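Two complexes are shown next, each including chain A; its partner changes from chain B in the first to chain C in the second.
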Partner chain A sequence: MNQIILHHIEKQFGQDTLAIKPLSLTINSDGVTGLVGPDGAGKTTLLRMMDGLLSPTQGNMTVAGLNPLDDRASLRAILGYMPQKFSLYENLTVAENLNLFADLRQIHGQTRQDRFDKLLAFTDLARFTDRLAGKLSGGMKQKLGLACTLLGNPQVLLLDEPGVGVDPISRQELWKMVHSLANEGMLIIWSTSYLDEAEQCQDILLLNQGELIFRGKPTHLTQRVEGRVYALKSTYSHRQLLLDALKLPAISDGVIEGNDIRLILKPEQPIEPVIAALPSHDITATPTQGRFEDAFIDLLGGIKQKQSVLTQIMPTFNGSPNDIVIEAKGLTRTFGTFTATDHVNFSVKRGEIFGLLGPNGAGKSTTFKMMCGLLSISAGQALVLGLDLKKSAAQVRQKLGYMAQRFSLYDKLTVQQNLAFFSGIYGLMGRQQKARSQEMISAFNFQSILDKTPAELPLGFKQRLALACALMHNPEIVFLDEPTSGVDPITRREFWIHINSLVSKGVTVMVTTHFMDEAEYCDRIALVNRGKLIALGSPNELKQKVGENATMEQTFIQLVLDSESKMTA
Partner chain B sequence: MITFINPTTFHRIFTLIKKELLLLWQDKQTRIILIIPVIIQVVLFPFAATLNVNNATIAVFRQTVDQPTTDIIARLAHVNNFSHVLVLDSQQAVEDAINQQKALVVVQFPADFSRKLLTGQSPQLQIILDGRKSNSSQIAANYVQQVITQYQHDFLREQPNYQSNNQKPNLNNTPNNTQNGDQNSTPNSNQNSLYNPIYNSSPNNNQLVIRHWFNANLDYQYFVLPSLVALITTIGVMIVTSLSVAREREQGTLDQLRVSPLTTLQIFIGKAIPAIIVATLQSTIVLIAGILFYQIPFQGSLIVYYLCIISYGLSLIGFGLFISALCSTQQQAFIAIIVFMVPAVLLSGYISPVENMPRVLQYLTEINPVRHFTEITKQIYLKGADFTIIWHSLWKLYAITLFMGSFAYYLFKKLI
Partner chain C sequence: MTFSFARTLTLCRKESKLILRDPSSLLIAVIIPLLLLFIFGYGINLDSNKLRIGVLVEQQSQPANAFLHVLNGSPYIEPIIGSHRAELVQKLNRSEIRGIVVIPVNFAQQFATQHATIQLITDGSEPNIANFVQAYMSAIWQIWLQQQNEDTLTTPPTGIQTELRYWFNSAAISQYFILPGAITIIMTVIGSILTSLVIAREWESGTMEALLSTPMTKLELLLSKLLPYYLLGLIALVICFIITVFIMHVPFRGSLLLLLLTSSLFLFTVLGLGLLISTLTRNQFNAAMIALNVAFLPSVMLSGFVFEVDSMPLLVRLATYIIPARYYVNIMQTLFLAGDIGSVLMINVLFLVIFMVLLLTITIKKTRLQLD
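Our next item is the complex of A and B:
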């Protein structure tokens, strides 16, 4: 049986950054081992040490009986490592990529053909052998990367965040493949920052800031919060209910799930006083299953910032909640012969959170970009506050806030300079500009980091800074493009508390996301596949379409697959 | 353009410019790209890119050993430009000296050289040049020429019949009072003289004396340094415009600008002005080095020159932003800058004079801002030309600015 044995392994970068704190453990090959943790937890560092690409500062380890540093050559033959961004040659076809990697591994003759056949069937890429790797979707690229890694027939397989940027459907397929490989006895480590993926693993190594904080079956971790998780139903606004509930000291954590909210109580706290303290009287609370993420956050002591300061510093936008503020009418975009967005129609009302979801390459970014005026429209209309963004730019844009996927801040400008810049281009000047900057600084606690650059800050701070920059000019519509990708779960929940309080002030939010639990925060969701709008409705309505107790992820997968079969039929 | 009067618009553009300058200054990488090359070039170029012939080896071969040739060889050995004099002993050695690149130039004295010289006839003298190093060997030949002419002249003056033979012994009668702003003199006087050496060494005829105006000592730093102002300004503007737009694109901040109320024109101006500021600062460094360190006197008006630097920066903006509109990564932008720079410098008159190029290329140089600015620089810096002369080149820069600027703006609007 293959084993990875770590003995007092420690890794230090520079003088004082401890990437991996002393770690001793044994990983066996029964089932997939999940290496779980938020960004910067040390997952990649650990994997690279196992592969012999990095040497540990202290301690020693064996991988399948071999020392990764001394026996690198022999380890190469039995180890497959798929880095975060697997280096496929984008200008080579699928077949050419496979051939190249087979050449590099010196696999020839009949063995080569047999392995190709097997892997192409396994990854379901046989139909695409002539397609350029660069033209594959995110999910297919990962599958091809996996195929290339598996060419050497490894006994140990290290996968570094294979699920990043992959939609739920492709992710499900990847998991299926990896499970079947694990059943054949391969030792597999799958690293991930999506905590919901952890539930798929047999064994979990939960890392946080270089420290192992949990080891065991995922269900063991969720047991931590057993009896403390409740789903609350009420006719009262679920959003307001969550904001009120989080103010109570007995609550450790809470999220929105469709029309309901899920609360996690602090240990030894009964639910009854909580319900009594809430402003609504028709609340029904039912105990429910805790999620892996709930347990993870609980393990780290719950969320700290339970109230959003934005309530105090954002103005209230009055206006009828029936006003339509964003509207797509027959929105179409073509690239050559390819139609990325195909006659999409939807409208967003004031004060709504509107989510745009879809698999990779389905056209959701294209649609999103047209809505906020970053991409020109081939046909149809994208209206914001009744105006076309491309034409009557300046006045409308003054009312928009935009936060991009990678928190597009100026990395070399300090926090203070970033705030000054973004308020400046939105026309804030003089005393007004200073006052607004000061408000943001005290609201988000930027005082101590004013002279630091975003590059030096943890992702959570960066995200908050990006949000602050986007809100300097009091926008009444906010566009969020995958606003929480790569951010740890606690920061993500805190971010949604901010968004919730924005909405309570009458701000309209349009968001794209890959996280299914974030989709739950939306009032309505537009699901896009192959450029077409395939479903539109509240999270609960969509779930109802699929089944009574369907999760958001199941709903997503089912609806996309249904549309696929309809389109090909 | 009416919105320009609006203080908010002004403040927005000011914010953009401030951001750009802060980014350039606070980013270590850009800071290095903008400062280090300037220093290296200012220090290295005037020495390394010299067109003088220094440390060259000259070979001599004479069939008869006699006093005049010995004197001439001694004089050649004293010329600073020749560090070694190789005395050859056979015709075969002459060939070898050139073939094996032992010497740049071989001077071959015929057997009757001294006799003809002494009797006042025109002696023939063969100078063999290494055509592989055509430029430097010609320059060297020119030096040899001067030595021999000088020797003949000295030799004849010692002869008793010299006075009666020569009608005009005064050699300093060429009109060389340094006149400022003589536009009819060739702008590349120093270069042209090199390419038209006089090989005729007949002693009795009228002496031809070469005088290099505006660079009396033929010091090539006079030529290199002012051109360096043009070169460095070009790199500065191209890097600031092309690379910064590409970087913003890579980091996603360009999208952030595009969703803001900023207009394309404001973004355009916000990129253009910092580039000109940087270019002006860089050229100031070169100017200071040229005037104070290399002691090349600045003849013209600094105010006019700065006006020209800014105008030149403007004319490059179009090229820079044109590249930035087309390139999506910094890497592409960098390659594009090189693709622009190499022909622009080659066709600028810096490497070889524009007048020597084929007609078609000469026309092509008209749209090359580097060419016009190199010319302006030499006019102002070395000759102290006044504005009316400068205007001949300056208006072309404005034409380029207008043409390339609007073209780049069109692309910017369309593609960004």
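Our next item is the complex of A and C:
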């Protein structure tokens, strides 16, 4: 049986960044081992050390009995490593990439043909051998990467975040492949920041800030919260109910799920006083299954910031909740002969959270960018607050806040300068600008980091700063483009508390996301595939289309697959 | 880990395919060199045609008329006679004329006493042209003196007479020395800029990490980055050579074998530089900026390709010694215009060998099969 043995491994970058704190453990080839943790936890560093790409500062390790640094040649023969980014040549075809890596590993003759046949069948890429790798979808790219890594028939397989940027369908297929490999006895490490993926693993290494905080079966971790997880039903606004519940000291964590909320109580806290303390009288609480993410957040001590100060500094936008504030009518965008968005219709009411979901390359970003005036429209209409984006994009922009993917802050400007810049471009000046910046600074606790640059800050701070910048001019409508990708679960929870508070003030939110649990926060969801709108409705309505107890992820997968078969039929 | 020839070949083949499929590398390797060659060949011309010079005769006299006559007869100068100074100054300001010659009031008396002077005003904002004007005027002045001496039947003044003859480029056509220099620039672009960009791109796209996870060795990696670009450089050399010799009609007096050998030497030097830059930066933008400043600009400014090294200030002249292009420009100009001059070529080749060994050694030292 193959083993990876770490003995007091430690990795330091620069003077004081400790990427991996002293770590000793043994990993066996018994099912898939999950290397789980938020961004910056040290997952990639650990994998690179196992592959011999980085040398540990302290300690030593063996991978299948070999030292990654000294026995590089022998290690290469038995180890497959798939780096985080798609690391194949985009200008080479699928077959050329396979040939290149087969040549590099010196696999020839019949063995080579056999492996090609097997891997192409395994990854279902046989139809695409002549396609340039750069033209493959996110999921297919990862499968090709996996195929190239598997060419050498490795005994040890290290996969660095293979699920990133891959839609739920492709992720499911990847997992199927990896499980079947693990059954053949391959030692597999799958690193991920998606905590729901952890439940697929036999064994979990949970890293946080370079430290191992849990090791064991995922069910062992979820057992921590057993008996403390409740689903609450009520006729009261579920969003307000969550905000109220989170203020109670007995609550460790809480999320929205469809029309209900899930609460995780602190240890030894009964549910009854909680229900009594909530403003609604028709609450029914049922104990429910704990999840890995619940346990993870509980392990880190629950969420700390339980209410958003945004309620105090954002103005209330009055108006009927039946007002339509965002509307797409036959919205179409073509790039050459390719139609990225194809006659999409939807409307968003005041104070709604509207989610745009879809697989990679489905056209959700294109649609999103047209709705906020960043991309010109080929045909149809996009209306925001009754204004046509084709004619009055500038006027619309003054009324909407936009938070881009990866936060688009100026890395060389300090926090203070970023705030000043973004308030300035929205037309705030003088005393008004100062007052607004000051409000944001105290609301988001920026005092201690005013003179730091975003580059020096953790992702959570950057995300809050980006949100503050987008809210400077009191927008009525907020556009969020994958606002939480790469952010750890606790920060994501806190982010959604802010968003929920915004909505309580009458702000309308439009959001794209890859996280299925975040889809639950939306009032309504538009599901897009191949440029077309394939489903529209509240999370519960969509789930019911698929089955009684379907999860959001199962719903997503089923609806997309249904539309695929309809489109190809 | 043992070196594998088959693996090197695979890597080279991959590199070539990537060059061919990436429009930007074809642009850098083919389009830009051709463009440069034609710009240098046709666009830049350091020779002046007939220069327009304003002439102000303050007082008519026999010697003044004789001087005017000589000016009129010069193939290099077109005299524009002005009636007063202000008019000519205005024309100079408008760049209608390139200089003003003033024949003073007392020119005849001065001539009689053998101390004749004229005033020459040139446009210092265009020093190159000003130099030409000055040179032509002193030549004309000499001719006039000689004529005057013959006319007055006095013996010509003794002493050294200047007589110009351009060796190797008897017609003094600037293309003849610019084009061999331009080939140097093109080799530098392919060797340093293209190579550094392409390897930095491998780091950026993450493909380098995938390569490092295969049994590839350091030597194989380096060879796969050197050989395809070396070949590309040679192809560019052949194209440049054909254009220079057969279309621009620049003579080639050296041997082709020496051209190939010295060019290979220079190519490996600049390839080494390009590899080193990208290995150190691992970032396309930084690599391009550094390659531009370390390889490209010095090759243009300090190699003697446009600006004569001997006429540079001492400090700058010393700096040119560390520019490999300087030696290659010298070799190319020698091979094209003079032929196989052993003593000149030897010293330049020696310097190139030193640079090549130095750069490749540092590159090998700095290339690691690890990320840190």
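Simple rule for what comes next: the second predicted complex is superposed on the first by the 568 of 569 C-alpha atoms of A that agree within 3 Å, B and C clash if a C-alpha of one lies under 4 Å from a C-alpha of the other, contacts with A are read in each partner's own complex, and residues count from 1 in each chain.
The criterion applied here is as follows: contacts are C-beta pairs under 8 Å (C-beta built on N, C-alpha and C of every residue); 3 or more make two chains touch, one makes a residue touch a chain.
Here the structure is a predicted model, which is why all the values come from computation and not from measurement.
In the superposed model, A:Gly424 makes contact with chain B only, not with chain C.
After overlaying the two complexes on the shared chain, residue contacts for A:Leu299 are found with neither chain B nor chain C. When the two structures are aligned on the shared chain, A:Leu400 is found in touch with chain B, with no touch to chain C.
Of the two partner chains placed by the overlay, only chain C lies in contact with A:Arg72; chain B stays clear of it. Look at A:Ser55: by the touch rule set out above, it reaches chain C but stays clear of chain B. When the shared chain is aligned, chain B comes close enough to touch A:Asp411, but chain C does not.
In the superposition on chain A, A:Cys372 contacts chain B only, with no contact to chain C.
Residue contacts after overlaying the shared chain place A:Val309 against neither chain B nor chain C. Chain A has no residue lying at the interface with chain B in one structure and with chain C in the other.
Residues 7-8, 11-12, 14-16, 18-19, 22-23, 26-27, 251-253, 255-263 of chain B touch chain A in their complex. Of all residues in chain A, those touching chain C in their complex are 48, 51-55, 72-73, 76-77, 79-92, 96, 99-101, 103-106, 148.
Across the complex, chain C meets chain A through its residues 1, 4, 6-7, 10-11, 14, 17-18, 21-22, 205-207, 209-216, 369-372. The touching residues of chain A, when paired with chain B in their complex, are 372-374, 393-395, 397-398, 400, 402, 404-406, 408-414, 417, 420-422, 424-427, 429, 453, 479.
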